[in-house]
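Before we start, here is the structure in question, set down as structure tokens.
The letters A, B, C and D name the chains in turn, as written, and every chain counts its residues from 1.
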Amino acid sequence: MRQNKVTPLEEALSYLESGMTIAVGGFIGQGDPLTLIDGMKRIRHLKDLTLIANDAGYRERGLVELVRRGMVRKMITSHVGTTPYIAEAMNSGALEVELNPQGTLVERCRCGGGGLGGVLTPVGVGTEVENGKQKIEVDGQVYLLETALHADVAIVRAHKGDWRGNLMYRGTSRNHNTVMATCADHVIAEVENLYCMGELDAEAIQTQGIYIDTVVRSDLLYAVERPVEPAHYTDLPIKEV
Amino acid sequence: MASNKETIARRAALELHDGMYVNLGIGLPTLIANFMPRDVYVVLQTENGALHLGPRPDPGCEDVDRANAGNDPITLLPGGSYFDSMTSFCMIRGGHLDATFLGCFQVDGEGSIASYMIPGARLAGMGGAMDLVVGAKHVFILTEHVAKDGTSKLMKRCTFPLTAADQVDVIITERSVFRRDKGQPFVLTEVATGYSLDDIAACTDMAYTVADDVKLEAFGR
Amino acid sequence: MRQNKVTPLEEALSYLESGMTIAVGGFIGQGDPLTLIDGMKRIRHLKDLTLIANDAGYRERGLVELVRRGMVRKMITSHVGTTPYIAEAMNSGALEVELNPQGTLVERCRCGGGGLGGVLTPVGVGTEVENGKQKIEVDGQVYLLETALHADVAIVRAHKGDWRGNLMYRGTSRNHNTVMATCADHVIAEVENLYCMGELDAEAIQTQGIYIDTVVRSDLLYAVERPVEPAHYTDLPIKEV
Amino acid sequence: MASNKETIARRAALELHDGMYVNLGIGLPTLIANFMPRDVYVVLQTENGALHLGPRPDPGCEDVDRANAGNDPITLLPGGSYFDSMTSFCMIRGGHLDATFLGCFQVDGEGSIASYMIPGARLAGMGGAMDLVVGAKHVFILTEHVAKDGTSKLMKRCTFPLTAADQVDVIITERSVFRRDKGQPFVLTEVATGYSLDDIAACTDMAYTVADDVKLEAFGR
């Protein structure tokens, strides 16, 4: 580990390989790591990815762009209703989608990051979510055993970050970024604002630098891009990294 | 005359009592905020990580990092807070919310709902709905009484994949209010202006009983 | 729920009854809710309590004082080495002690607060901790099923709090206070500094007001009492509340 | 001449490498901080919720809300942070710490340790030790080689209740260093100044092999 984890975008993304499982923070555009996703779009040889993420972005912006480019084999997710293309890709057989209740997805990633094998949740009992899962009764209540998820790489976005990878988020952009930052072998954080060591309040840090391997500067344009009125999908010329 | 959705939201708002912590689902339930009585103090949660939502920001003052689970811009009232999804879903599953109001595709007489996919037609995903329905102390389902093709949305048994089984406490439509205790059948407690008990029976497929003190012309229009 | 949850100490403690299970935040003096514990000491009729807490305090200060008064039947805890009297009480049969690995205790309380039935942890496998517990294998690794803990009441201490029960902690006094504040039917928080609504930063709140039923002002003396050199044990005259 | 504890701590400090995240247990392991090489950048964690511990504060500048798991006052270096126990134990169990250094009552040839109670004599409780030993990537046990009654603390099998089974990677005593791969027996890799291979054999009950390149007069005094 280096003391200063700040790295140029393309060097940071050179860690990625085809076939990897990638955990991604964000919630339908809020806190989505768009700089890193846009960087991934340009890596022409990257494919067969499995994505762990709450959703695929918003309309045509976010992880759905990787799916459109045929880079994704499978999504482990909770909601794809904001990205109509995902259902299309699924129906055509190009994409496998595994739906999890959102709280279950969070717990499974937390287990993966926190050394736990799984959790017992009442959520999903009596629904299709229970298919293939072990049911365990504790004190007369039936729970599903939901097992840990762990990724090769996680990508997250924060509002502030320091050289060591300490992160702070802003408003509802915190969401899944904190848990995704814990559940991978290698974690890349993009930060909208970069600070020197000691500039962030030790009491207010929301992801500790111990979890972060690489810090990349966000493209500041994304920080003000409105997810409620997302940019139109434009198929930019793909440049191989 | 009010739209069906407005009638439902207006009636649902009457279920809010002082001091409740409440999550309003995407779509129709969000409208409830417009009809909350001014003198009732209710704390609204959104599952993507905020508590104590205030009114929608003024046009042009929306902030990219302040939005609800439907991606609508929000403000926070004094005493509000932001938190991550780990915290949010412990709050939801752990029974810390007094109520959740949700829409659905189908609801049935066993207190089950279907809201996250229509096989062969629509794939949305359950998002936080399964957690909300299992975790909140009281589950209110808001739905139009009949589908566009005229069939009842209050069914004997849901035919789409379930969001949760046996969790619904109250159903509010533009025509009626049904309540139940867990494991029991629904009881018709209110009928809206313009409908008779027979009208409700004709457009309701699920089994239910009629309360002794059922209120006619209870709300609507 | 009232909008202003601030309550006089004795009114707040009037909720307590003999036989209750009480979860307590703090770590050997750091963040221990001493105002509330001292208040409990004065409730002469309170007994048969079960305490869920990381420890019993430091030397003669903290929960050990309730044990000394014979108010406690059982402790579910992780470490009692800093309070020698606990071993004495246990050996004399006056107190039952259930030891949990600290991380397991945290997870069990988090389950109780978060609607989960239990978690699978590798911690304790091959030790006495596994006695009487279900072992579950996931992907070839053996885990213990550790079940949820839930309390009737929780007592916690924070550095700052507002009328609605939003809390912020200071330094290492945060520790178990955040999780204990979630896992009880009724939660009483003592705060060293009380703020009006909106004075605390919405991004920095560490326990959300939704978890808190009652806010009590800390005795400010305790905020500067040194846990590293704790006050000598003095058996103050007991006054019935 | 240095005390046994100082000799052990000084030797243990050589195991610290640039960029490691490390938890030092209460007691003897805490002394390692005094011997950390100045040019080695190591981040210290304490399980009660802080990362990046600095030197002990000046006398009179101790703060009630800034202490480690042994209740010793701490400072934080720039880049440090405070967090709660939920976060701390996910960090510990999840393999995010490169190493933990712990004391013990007993350690054995199967890589198991006993450190939290002596039946009939002492009840401490495991605190965070079980989580640390299972979760940290490398587990270093620091112990005097023999107990006060002259018996070896490096036993065939621990007799007190175990803190963890088959988790120890390295044992450092004032007389020797042993290393092993999980599931394998220990290998003697270093002998301290003043001791021979025979001396070590005489005071070690656990089974071990001797490394081909075992270092004699490797450290100490």
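Convention: a contact is a pair of C-beta atoms (placed from the backbone, for glycine too) under 8 Å apart; a residue touches a chain by one contact, two chains touch by 3 or more.
Keep in mind that this is a model prediction, so the values were computed, not measured.
J.: Between B-C and C-D, which chain pair shares more contacting C-beta pairs?
T.: C-D
J.: List the centre-to-centre spacing of chain A and chain C in whole Å, with centres computed as mean CA coordinates.
T.: Using C-alpha averages as centres, the distance is 34 Å.
J.: Could you state the distance in Å from the CA-based centre of chain C to that of chain D?
T.: Inter-chain centre distance comes to 29 Å.
J.: Just the number, please: Cα centre separation of chain B and chain D in whole Å.
T.: Between these chains, centre-to-centre, one finds 56 Å.
J.: For chain C, write out the residues touching at least two other chains, lowest number first.
T.: 107, 110, 115-116, 121-122, 169-171, 203
J.: Residues touching two or more other chains, restricted to chain D: which are they?
T.: Within chain D, residues 82-83, 89, 92-93, 134-135 contact more than one other chain.
J.: Any two chains that touch count here, so list every such pair.
T.: Chain pairs that touch: A-B, A-C, A-D, B-C, C-D.
J.: In the complex of these two chains, what residues of chain C are touching chain A?
T.: 107, 111, 115-122, 134, 136, 138-139, 141, 143, 145, 147-148, 168-171, 203-204
J.: So in the complex, the part of chain A that touches chain B is made up of which residues?
T.: 27-31, 54-55, 58, 77-82, 86-87, 90, 97, 99, 101-104, 106-107, 110, 121-129, 159, 169-179, 206, 223-228
J.: Touching chain C in the complex: which residues of chain D?
T.: For chain D paired with chain C, touching residues are 46-50, 62-69, 71-74, 82-86, 88-89, 92-93, 112, 116, 122-131, 134-135, 161-166.
J.: Contact residues on chain D for chain A in the complex?
T.: Interface residues on the chain D side: 18-21, 41, 43, 45, 51, 76-83, 87, 89-97, 134-135.
J.: In the complex, go through chain A and note every residue touching chain D.
T.: The touching residues are 1-3, 110, 112-116, 162-164, 166, 182, 197-198, 202-203, 205, 208-211.
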